[in-house]
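Listed below are the structures to be examined.
Next come two complexes, and both contain subunit A; in the first it sits with subunit B, in the second with subunit C.
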Partner chain A sequence: MAKGISRREFLILAGQAGALLAGAGVVRSLGQSSKATAVVPRQRLGNPELLAVAHGDILGKSEREAEALLRACLEPLGGIKTFVAPGSKVVIKPNVAFMRTPEQASSTNPLLVTAMATLCLQAGPREVVIFDHTIDTPADVCLSMTGMVEAARKGKAQLVSGHEQSAYQQVSIPRGRVLTSAEVHRVVLGADVLINMPIAKVHGATGATLGMKNLMGVVWNRGVWHSSSSLDQCIADFSTAYPATLTVIDGQRVLLTNGPKGPGRTEDKHAVVAGVDPVAVDAYSAGLLGFAPERVAHIADAARMGVGQMDLRKVRVVKVS
Partner chain B sequence: MTPMAKGGCRVLTGRIVAWVLSAALLSSLAAGESLEKRLIGALPQGKEIAGWTALPHSDVYGEGEGLTKIYDGGYKQYVDNGAQAAARRVYLKGGMTAEVVLHYMVSAAAANKLARIKRAEYSPGKVKALKDLPRGWSGFRAQESGSATCCVWSGKYLAAAVIAGRQLQAAAAALMARKAVSKALAAEKPPRKVKTRKDG
Partner chain C sequence: MASPAQKSKGASETRVVRTRRTVQVAALVVFLLLFAAAIGPWRFPIPPELFLRIDPLVAAVTLLSAQTLSRSIIVSIALFALPVAALGLLTERAFCGWLCPLGTVVDISDRLFGVRQARRHVAVPWLKFAVLGAVGLGGLAGLSLLFLVDPIVLLTRSLTLGAVPGTQAALKRLADLPAVGPIASLLPYVGLPQWVYRSSIISAGILIGVLALSAMGRRFWCRNVCPLGAMLGLMGRAAVLRLRIGQPCAGCDACVRACKMDAIKGGEKAAYISAECVSCYSCVGICPEGQISIVGPVRHESRSVQLNVPRRRVLQAGALGIGWALLGKFDVGAARSESGAPVGNPYLLRAPGAAPEQEFLRRCVRCAQCIKVCPNGALQPALAEAGAAGFWTPVLVPRINYCSEPCNACAQACPTSALEPFEIREKKWLFIGTAVIDRSRCIAWNSDKVCLVCDEQCSYKAVYWQTVDGRRRPFVNDQVCVGCGICENKCPVGPEAAIRVFNFGDKRDWTRERQKRFRASARPLGEQYTLLPIE
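Then we have the complex of A and B:
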């Protein structure tokens, strides 16, 4: 059973609290629009000091095998019911930015996405949604080519593409040093549970794209981040306000060159990494790409801001196979 | 190069010659034409690549930071190495998808440099130089992790074609990239003055 209040209840209360704080002049400028909702970091579920790493090859295998591996990975964290309560709304956010096939390791393995949707449904939520705002267009071709259309069908989840600007809402990022507001898709804002499921790959601008970077896909205008004084700081800023409930990194096949779009050189690591501390998950997963976590600026920035723990000696890593 | 690829390249060369001749007719559009129009116009039409269909609404153009529309954060590598602008189009054939991106670089030297960087991103054993290219052209092809990539460059133009799907078609990728560069180069040339009897 999920502990604490639901994420959605928390955000509603936070919005109300933010309105009071704004009236008291505590919340800083709301960025571009005075209609931005103030947000405070939500309560975390599960143990942030625990990381689970599962090793097993599911490339080209069945949905059942992928589900078994994912279930084994989540077991040390208490299983999916730690995060998904009956009647809740779950949003799964894979990385589906580009028109690439799963073999090219530019997008999250659809087998893992199907497996996550399936596991979530077993916990009795009201709804499971798979969401992303693709970079390549047309979005429907991108979602099809990456296997997400099929993943949603097999996982009995709703697939939502974030290509309507009217579906986004301006929210403030009170602790943001560079990014002080963003337009976030209402599907994500309305989620009780946000499961962040990126693929591990290198990135031309940030070195690596893992969990925190993947959340860039829930905003409307990524260009604001790219043209800012520091993309890495924007990523860290956003994570102060919108950390996911659970981060699960697809490290089955990782992209080692020409990221984030690819194609490039890949390597089959056969890993899945899961945790509630987004910094710790990213810090561990950076190793899959050959990076020390402190070499990825947004991991270091987020750690400095208190989003999570970058020092893996202070985190218990449980390995399952 | 495999016999099939060799055969593909022979066909390819013939098509390129025919295409360059017909593309020369377009040169009258060069004067005053925007870079966007020129790059988009140079991308192969679906009918030019047998069996492939251009995907409607897939055209994307970007300059400088606008390359994020094609590469997201990966744009920096292109801009930092001299890419001024790029245009992209997607094509479909059966269960396969192809993407062609035509870049306009600050100089021919920049095109050469970026091509070297892109080539180094593939495993050494999976990259081969393209042969049978016109003088002043360079190119390579790579097949890795479920895709065939072909990169061709000449002057300030660098085109990359990526094909993913059940059947990898390196020759088709080469054809697409070469057509894009060829049309772009042809569109740059000023119209040839046609002599009449009055000119003497």
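Then we have the complex of A and C:
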């Protein structure tokens, strides 16, 4: 029988290959530190004392109408160009945690997500990414059921699903009272602009889920927030370190029972709320669900920590329609 | 140095052998493609579990072991297994020689072992009939022993448990690389949770063991062990297409050496054993006298000898099979409640649509096809928790993952209807189990924390909250809970969840209609709560 390779040659070759792989591993591990790194604060843009509320029915309408409503809503805040600079990296974070259809109002209206991606692209960014770490698995099914796959395609944005732990990085939360560190997805950490786009829903544990609560979806381990001494405080803590650049609440159709997953009773409010101050946006939007802001503990906690303004009398609300 | 057992190549390779080889490779490729495509509830015109459904032994033993025959079993057998059984009547063991994916894999492994194998040639051809006896009589006694020895079952399960997790992990790594990433990402494997299976090393080991048998002669498994081969061999006695070894025969034994199945008796008057012939036709072109040919129904002067099937061995093995089946019933781990659920394990959960436990155990062939298709990787092979008779049957392990709401993949994939197929809308009332909150361990009950993850996650709104002592506490509406396990999976209390799915009550004993009525009569409970409609 013809011999291709001797045992000795094979062992030497295997050893070389192993050494090469090990070396590559070392080089790779040098690049990424496993320790918690301090968060580089994202640039704050826009006027935090302004809140824009747009009214207009886009349910069952087209992306064009959604875009018009969103543009009108952002106008008082200075338009999308205030936030998205040419060449910047934009991440849009909708709430698409559960396997529900858009009509069930458990996930952000895909028309609004497409409209936001389209608006952002008009400002000439480097890239626009739609990101969520879905709770229901398989993530692919969840993303297509909620209409996000189509929304990303129509908005010419990249869709990133955060279902691999390796893509998360431990970051410290210096001002956190309960939550002192969290694993945040690298796509979100690397964004110049984070646009938080939740839908307004009632929530068993926190009363309401709005902007700050939605950012739980950029961390890997959410269970530790729930089992900590205070889930509400964790949400507030996270917002001290990593607030969104801009929060836009989908109040077109809100979920009033069986939240946050639903399906439950919904009500069509035809509203979109936008603002820079995450606390003020949430405080206003809690009203869409029939909550006084101080009744939602994490809003009150965040206000107490100075993240933003909960007292709506001290915020200028501009209504457009 | 050429060993005498090595087949001489080139000149002797007739067209029929080349065709057969092409068919073999094509069948293996089809098997592997269907296997790879079997994920989630997505179906093609061809069912991904095709080879399990066409396996006539799976069909036959299921007919013996199942107590009740559902419509889905009968339809599947009539549609898929009967045609292949008919092929067995037409052409001896052509299934083994042309179509069986394990047979082809063994052929490949035989080639890899090359010259080495002939040195210790082992032939115990009666063994496979004994195995068939054990499987058949064990089946009559109510246990499908097929899971150990059916070639398609063995291959499907070994690949699922042994090869799929590693392949998926590798694909996920590939998807991270810049060059091939975008292409790899298109594969559904990449976007799914990483699957991990218990006992995967045992399953992989068994397949490797079967392949290693090549060291004791070509097609060792098929010649000596395979009960499907034995069954087709017995049926092949009446085959229409046969070999003909004519005269004059020079007694050169070239055909004997060419035959990988030891099916030709050499010497001056060569003859072949029809129960062993896999119709590979390697012998046809090799005879220097040109005396070996394939004959049709008209010319019946073919010379074949009957294999002496040792009845005593078959009966002995059959007794072992019955013994095993009975031991399974009296096994301590399998002590059962009135409904058939094991008393020893209140957490034993089956996939949705599973037949009542006793019937389930009679039908399940442990092919792991349901485990393969589960996109969440929530189904696992049972080790000891289902009793000795339940080894390798599928169990839902919520702590690993839960049963996803818009999915009915496992029940569609089951070739023997141990899991009865259902529509996704029926999932609201098909009971897997019922979640129970352990208030002494639940942090919303014992430490006043705002948790309610179970309430948040519940897809069917069976978990709800009520204010008790000024705090929101979770409750379970047992008429709504189907036991999908999402609450147990997401519960932040560890290592064991504070909400766990029990099989007690065992509502899957009920007819589907009764399960639906029970679900439909549920009352809405709790604050901020709307009961979901049943339809």
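Here is the rule we use: the second predicted complex is superposed on the first by the 283 of 321 C-alpha atoms of A that agree within 3 Å, B and C clash if a C-alpha of one lies under 4 Å from a C-alpha of the other, contacts with A are read in each partner's own complex, and residues count from 1 in each chain.
Just so we're on the same page, contacts are C-beta pairs under 8 Å (C-beta built on N, C-alpha and C of every residue); 3 or more make two chains touch, one makes a residue touch a chain.
All of these numbers come straight from a predicted model, not from anything done at the bench.
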item: Subunit C versus subunit B on the shared subunit A, clash or fit after superposition; value: clash
item: Partner chain in contact with A:Ser230 - subunit B first, subunit C second, else both or neither; value: second
item: First (subunit B), second (subunit C), both or neither touched by A:Gln169; value: neither
item: Partner chain in contact with A:Glu103 - subunit B first, subunit C second, else both or neither; value: first
item: Which superposed partner A:Thr114 touches (first subunit B, second subunit C, both, neither); value: neither
item: Touching partner for A:Gln252 - first (subunit B), second (subunit C), both, neither; value: neither
item: Subunit B collision site on subunit C, chosen from 290-298, 344-352 or 362-370, when both complexes are overlaid on chain A; value: 344-352
item: Residues of subunit A that lie at the interface with subunit B and also at the interface with subunit C; value: 98-99, 135-138, 141, 145, 203-206, 223, 226-227, 231, 257-261, 263-265
item: Of all residues in subunit B, those that touch subunit A in their complex; value: 55-58, 60, 65, 68-77, 90, 97, 99, 118, 120-123, 142, 144-147, 149, 162, 164-165
item: Residues of subunit A defined as touching subunit B within the complex; value: 97-105, 135-138, 141, 145, 203-206, 209, 222-223, 226-227, 231, 253, 257-266
item: Residue numbers on subunit A that touch subunit C, as the complex places them; value: 1, 98-99, 135-141, 145, 161, 163-164, 166, 202-206, 223-224, 226-232, 256-261, 263-265, 297
item: Subunit A contact footprint on subunit C (complex, rising order); value: 1, 40, 114-115, 172, 176, 188, 191-193, 375-376, 401, 404-406, 443, 449-453, 455-459, 461, 465, 472, 490-493, 528-530, 532
